[in-house]
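Note that chain A is present in both complexes that follow, paired respectively with chain B and with chain C.
Moving on, here comes the complex of A and B:
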């Protein structure tokens, strides 16, 4: 019974917040322009969904985020492992990463637009630029923290080069690499949306900024709810995937968090 | 760059960027915009640290607070905060208020989570021994829980610092009438690309510098550990 209450309580809080939104907006304390009623916003989302506009915007935004995210992963993981394993590569890339990591990469948005135009390529490039740093740094940290005893015993058993990398280093570094990917995914979504807001066009961010320009506040709030749900689902999916992929790892025994 | 491989508009030479920065720097306009950005970022971040840190520690310390707040935190944490840019504009207009609110909302949750995880991992034995030595609950909170939460809290603040730059620049790029992000957009639309590159690099190095200074200060604060 007590467990049931703790499972239901989070949803109760969310429902209470939704009810508070509806009541506060309907009370007339604020104008509908400042805060439209939740029911109006939900009705708007339903209408957008029925007309197909919502799915088109969502598809474009997710396409850009995922394209950038996968490129960042495909470049970042091998690069990070290489940096972690090879002293010369580390010497070459270390300054680049320690300067690039804390920089606000979003400031380069106008430059990337200037180089690559207003279309998907420049938006995806921005996503790659921002999302690859967490992946690279996590892959470096994961590779460098592989226990030496593991490497020694694998070498003793005759593992060399590629086999050592595939059988020992990669699995041992995987939890940290996955953490990096979990950090990178919401970043990819944020950057895709900001790029759409700045450059306009189809996509959740573009639709929101158009709604702002036309002072269409249900449209703005519909965008927020859509983006919040999309972000929540993506983060949850990553957590589920992590538990699946790392089933062999001791961390899978720990209770699930966030 | 000098070889003419690319046009000077697309990638101005470093010397052109440097001289463009100097031309901007002797004009008070650059500094007025920089001061506007700094004020927004600083105010938003300060609010986020105070409110977010207090909330995180309260969540770890009182179970009802946790039960109420953690579903909201869990739901809102993965939300891309840049989605709030249009709403803050709707509420507070084009000026400082909307940027400060955005940075506050965006930076609060990493601080909250850092404080929460830090305070929760505080060793129970320390709390018990402090209590048995006669410390009141509030004393324990201040003298035991807060210091042991500090490393994770400071880590959360570092994330928030990086986020504050991202939110500041993106909100100023999209809607503003002052600030460094606005200046970048303004110069870019005007086609003054060497000056735009100069401001972009200035923002990037400000972000880098802020992070380094913060890391130094944080290691100072944590000097009592080991």
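Moving on, here comes the complex of A and C:
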């Protein structure tokens, strides 16, 4: 019984918030333009789904997020491992990362637009710029905390160079690298949506901006709900993937949260 | 045979100071001999082991294993670490297989050999377990199986039972001796436990406080199959004799430290 309550509790909070939204919007305290009723917003999402518009927007946004996310991972993981293992590479990249990490990468959007135009290339570039930092820094930290004895054990058996990195450093650093990826994926989604809002066109962010221009209040709020659901699903999928990949890790025995 | 001549080693701390860890260490270990390196903590006994293992650069002096100067790690010298250093993402079987894979042992042979060594250390039934699900003693058994499987001529053991509880430790000591009797290898066993050194080794090399030097070499050959060896007068006397040598060094090592 107690376990059932704990499983239901998080959903009860969501339901309570949804009910509060519906009641408050219907109370007349605000105009439907300021805050449309949740039922109206949900009906709008259903209609957009039926017409196929929702799926098109979602597909574009996810495509941009994932393309940027995978490029960030493919660049960031090897780069982070190299920085963590090699002092010369570390000296080369450390200032770049220290300056670049706290910088709002979104500030580069006008430059990226100048260089690459308004299409997918520049949106994906923005995602890569932002999502690669958490991956690189996590890979550096993970690599540098690999136990010396673990490397020695492998070298003792004859592992060298790239094999040592692939067979020992990468799996040993994987828990931290994966944490970096888990931070990077929501960032990728956020940046894709912001870029869409600034550059316009198809996509969840672009659709919201279009809705605003037409003073289409339910359309704007539909976008918010869609993004929330998409983000939730992505974060949970990453948690599931983490448990699969890190089955050997002691944390696999604990319940997955984020 | 291992010949160490005039080996010195200096550590550089993170704040840039040079700490002499070893100073002019010379010793010789015979083929298939079991020796213990005994000394207070910080005397450089592990450093010496890592130099033989080829993990640290040899700045001065020379280390030869079977006549060949040591230039890096190699499968002729197997290492067992205090904290096991098992690959946590591999199962027990996967850990033991890794070294065989690296040595290029054919697939069908390595699986069979890995299982043999897992059986030898008494881990049958735990082949598919991950290290995080094993107790300390079982982890060290797995690490021992991994090292023995690559069939090194020399076994370098760095306080391998130091992280285990007392019961497990004495059990593992007896099993190590049994394994050694079955297939004798040259063993260098680092420990700060006098009784462990006297029980396991044929010769005990007592090291001085930092910078480490060989202070004394004591012969400690007993009939180890005798279960009451720990109570025999000869054994107790030997432990006492060596303890006397170590105590002075331990006190020197403590000087200048609050506790």
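FYI, the second predicted complex is superposed on the first by the 257 of 258 C-alpha atoms of A that agree within 3 Å, B and C clash if a C-alpha of one lies under 4 Å from a C-alpha of the other, contacts with A are read in each partner's own complex, and residues count from 1 in each chain.
As a convention for this text, contacts are C-beta pairs under 8 Å (C-beta built on N, C-alpha and C of every residue); 3 or more make two chains touch, one makes a residue touch a chain.
These figures come from a predicted structure and were not determined experimentally.
Measured by the number of chain A residues touched, the leading partner among chain B and chain C is B.
In the superposition on chain A, contact of A:114 is made with chain B only, not with chain C. Against chain C, the residues of chain A that register as touching in their complex are 147, 149-150, 152-159, 167-168, 171-172, 174, 247-250. Partner chain B is touched in their complex by these residues of chain A: 6, 9-11, 13-14, 17, 33-34, 99, 102-111, 113-115, 186, 189-190, 193-194, 197-198, 204-205, 208-209, 211-212, 215, 217, 220-221, 223-224, 227-228, 231-232, 234-236, 258. The part of chain B that touches chain A in the complex is made up of residues 9-10, 67-68, 70-72, 74-87, 89-91, 162, 165-166, 168-170, 173-175, 181, 184-185, 188, 193, 196-197, 200, 203-205, 207-208, 210-212. Looking at the complex, you find that chain C touches chain A at residues 50, 53, 55, 72-75, 77-79, 81, 83, 85-91, 98-99, 102-103, 130-132, 146-147, 150.
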